[in-house]
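These are the structures in question, set out in turn.
The same subunit A turns up in both complexes below, where it pairs with subunit B and then with subunit C.
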Partner chain A sequence: MLTAVKNQLRVCLLSLKYNIMREMVNKVTFLTNVCFMVLNNAALLVQWFILFRLREDVGGYTLREIMLLWGLTAASFGLSHILFARVFSLSELIIKGKLDAYLVQPKNVLVSVITSSTDISAIGDLLYGVALACACSPGIGGFFLFLLFTVTGTIVFTAFALLIGSLSFWFLRMDMLENQAVMGMISFATYPDGIFQGISRFLLYYIIPVGMAVWHPVHMINSFHAGTLFTVLGYALLLLTAAVCVFYRGLRKYSSGNLMTARM
Partner chain B sequence: MQAIRVENLSKTFRVKKKEKGMAGSIKAILHPQTEKIQAVNGVSFQVEEGEMLAFIGPNGAGKSTTIKMLTGILYPDGGRVEVLGIDPTKKRKQLAYQIGTVFGQKEQLWTHLTPYDNFRFFGAIYDLSEREAEVRIEELAKRFELGTFIDTPVRNLSLGQRIRCEIVASLIHKPKVLFLDEPTIGLDPVVKENIRSLIMQMNREEHTTIFLTSHDVGDIEKLCRRIIIVNAGQIVLDDSMKKLKEHYLQGKGVEDSAASDVSLEDIIMDVYKAEGRTAAV
Partner chain C sequence: MRKYMVIYRSVLLENLQYAANVAMGFLGYFVFIFIFVKLWGYMYRTPEELIAGYTKEQMIWYVMMTEMLFFGSNAASVAREVAGDIRGGNIAYLMNRPYHYTLYILAKYTGEWSVRLPMYVALAVVIGMVMVGPLPHFRLTAVWAMALCVILGLTINAVFKMCISLFSFWIEDATPFQWLYDKLILVVGILFPVEIFPQTLQPLLKLTPIYTVCYGPAKLIVDFSPEKCLEILVVQILYLMVGCEMMFLIYRKGVKKLYVNGG
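This part shows the complex of A and B:
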């Protein structure tokens, strides 16, 4: 069992290495990609600086909390797109029958698929997220929590995309919904939860789980609460388990395809 | 010993039906309709270890679907499959260590990497140590004459060079059964001949069982000792290459088979036509 995990990890790391090698063929493009992603994120935060000159808090958040929110969203989004970028285009792989190459390999098919691609510009997101967290001076404990919640946030983003993408085994054109759902989740994650009430708040905490990915964590970095920590950890685990089950259930319905394809 | 055992194998696909034009698209949303396509219908056969078998048929006959069920890519709807005594639906990973696949129309190699880096990656996939992978790459590179382009990125290789690399990648772990789905598609005659001799050499030296689908009569004639023809998801002919001509002519009422000038291509075309289909052979 341990050897199997070690061997799978070896393949994942090689895959990551080869993906980065591909992007680094042109160093200028590689660095520009990363730098522009940082600048792009920074530009989006400017509106909040302007808003907080006009009022002290928005939806119960101060500027520091907004920065933490953006930092955690960018870091989780970045890490999930560095390690598991392919999960965000899973629908396309299923619809076009591109899982064949992974199914004939003696490795865990899901892990092999989702780790087979890396979004290099996401390195910019991750760096930006960590830099914002440092700028908020959360202290050593707070920074440790930030790193922990970056991991749980990555799990929630990845599992959510996996769940939606896996529905393509049953429904056509889920690629559009997959893209909208993930981008919608990212958009909501950059606003304070205080501005959402009632049903929308419930949906954003449990169905499109922005609350579990970033809102609860930001509150806990400010004021730690063990019960909420277990809620977040439990939810991340539950969502991941559900997404994995749906993927494998759907895999039995996989119909492959005969399109001529190349592994890029 | 049997390398492959297939009993009553079936697979159906549900395909959406849509009428022409925009009205048809709207109707398809309001009243979606699907059609059941029987891709494989009650197929049974066995392949002995070390055998070279041609599994052919016109487009849409169910060849690729059958290969995909044998390799664990697709789940059958009915019947039983065993490859090297392993059920692909239950022990896909265990089976994958013992089989190799080459899909002529689908690249498995990373195009931005060199063949050497690709082989190292495949070595890791099959849990070979660095030393084992190195020895195997050297051996295969020599046999498949990859020396001049083993360090050139795959995207810069010719089609013939790429297919040779695809085959090497599928052999890195010394598979006992090799599934080749149209491996010579798009290649020129010289390269085709070269690929065929390499496959034959591998079968001779490593006793690898070869399961081949191809529309190329040359592949079938030169490589295989047995032929299975499928059409509309069913086996319509299963015979040895040696006796195929004799049985065919007997069926036509010709007594002296040696005197008759009939080619394999004629026989295949005739079988396809008899089944109501023609295909580019």
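This part shows the complex of A and C:
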């Protein structure tokens, strides 16, 4: 069991290494993508400087908390797009019958699929997220919590995309919905939870799990609460398990296409 | 001009077949509007409060209109298509056809948004009426002038995005420059009206494409005045002329750099 996990992990790391090496063939494009993504994210901070000129808090958040929120969202989004970029276009693979190539490999199908590509600009997201967290000076403990929640956030984002993407085994046109759902989740994640009330707040904490991915973690970096930590860890694990189950359940329904493609 | 009309008409008819696909994008628009309704609901302490001269309803309608232009025009498709043609080598076939490549792309793009935008206008009106209420002082008689400003704004945006994509002749991937341009438009023009920025920055912002691409059209919809309309139209025409000149120049220089590999 342990050897199998070790082997899968090795395959994941090799996959990541070769994905990055492939993208680094053109170094100028690689560096421009990373650097401009950092600038691109930084430009959005202007929005918050404007809003904080109007009021001293936005949704109960200070500028420092907003920066932590953005840092955590960017780092989680970045890490999930570095390690598991293909999960965000899973619907397309299923609809176009492109899963065949992964089914015949002597590797775990899901791991093999989701680690098969890397979004290089996401390195910029991750760097930006970590830099923003450092700028907020959360302390050593806070920084370790930030790293832990980056991992849980990555799991939540990936599992959510996997869950929605896997629905393509049953329903048509899920590719557009997958993209919209994931981007919608990211949009919500970059605004403080204090502006949402009532049913929308409940939905954003438990159904579209923005609260579990970023809001709870930001509150915990400021004021640690063990109960909430276990809630976040438990939720991330539960969502991941549900997403994996749905994927393998759907895989039984998968029918191959007759499309001939070459994977380079 | 007739050949570009034919291209426009054929793309329009093609896109009408896929109107249902456009409707799938409504969710993204709704999410943005929902967030901004909640955000501005929090920022305005009292219903009568004015921020940068805008009431809460006007501010939300402003964001709804700019987001409507953003989602309804999908200008990213222009950037993607031009960059894809240059990187993929398809440009070698398209540049020899009896039309100017850049005008061909513009005609195609106009055909695309002619289907998308009216659908988003209808959606924006429904969401606005339900979530915010009617827009105070909206002048129905001035719709034609607003429409003209919107059309010019979308065309200017497409021209600038095409200019950036044409840099793919020199650099392999111009996408990162598109991100920066889009963010500039988003932060300074889409999310906030120019008046919300510090007084010293406002004249500078009015010189950028933001004034013609999103602030101008949205401002006229939210708070129409004939003088403002005339001012925006003049600036838009100037911007369009300069933008087109720049686009033709970059294209002319770019095609000389074109290398096509066989395969």
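Just so we're on the same page, the second predicted complex is superposed on the first by the 263 of 264 C-alpha atoms of A that agree within 3 Å, B and C clash if a C-alpha of one lies under 4 Å from a C-alpha of the other, contacts with A are read in each partner's own complex, and residues count from 1 in each chain.
In this text, contacts are C-beta pairs under 8 Å (C-beta built on N, C-alpha and C of every residue); 3 or more make two chains touch, one makes a residue touch a chain.
Model, not experiment: these values are computed from the prediction.
After superposition on subunit A, the partners subunit B and subunit C are accommodated together without colliding. Applying the stated contact rule after C-alpha superposition, one finds that A:Gln180 touches subunit C and leaves subunit B untouched.
In the superposition on chain A, A:Pro106 makes contact with subunit B only, not with subunit C. Shared-chain residue A:Arg64: touches no atom of subunit B or subunit C.
In the overlay built on the shared chain, the residue A:Phe188 is in contact with subunit C alone; subunit B does not reach it.
Using CA centres, the angle subtended at subunit A by subunit B and subunit C is 100 degrees, rounded to a multiple of 10. Of the two partner chains placed by superposition, A:Lys96 touches none, neither subunit B nor subunit C.
When the two structures are aligned on the shared chain, A:Gln47 is found in touch with subunit C, with no touch to subunit B. After superposing the two complexes on chain A, the closest approach between C-alpha atoms of subunit B and subunit C comes to 6 Å. Counting contacts as defined above, no subunit A residue meets subunit B in one complex and subunit C in the other. Interface residues of subunit B, counted against subunit A in their complex, comprise 13, 16, 64-65, 68, 71-75, 92-94, 96-97, 99, 101, 103, 105-113, 117, 120-121, 124-127. Contacts from subunit C toward subunit A in the complex involve residues 21, 24-25, 27-28, 31-32, 34-35, 38-39, 41-43, 51, 171-173, 175-177, 179-180, 183-184, 186-188, 191-192, 196-197.
Across the complex, subunit C is touched by residues 26, 28-29, 32-33, 35-37, 39-40, 43-44, 46-47, 50-51, 54-55, 58-59, 121, 173, 176-177, 180-181, 183-184, 187-188, 191, 194-196, 200 of subunit A.
Looking at the complex, you find that subunit A touches subunit B at residues 7, 10-11, 14-15, 18, 21-22, 25, 99-101, 103-109, 172, 252-256, 258, 260-264.
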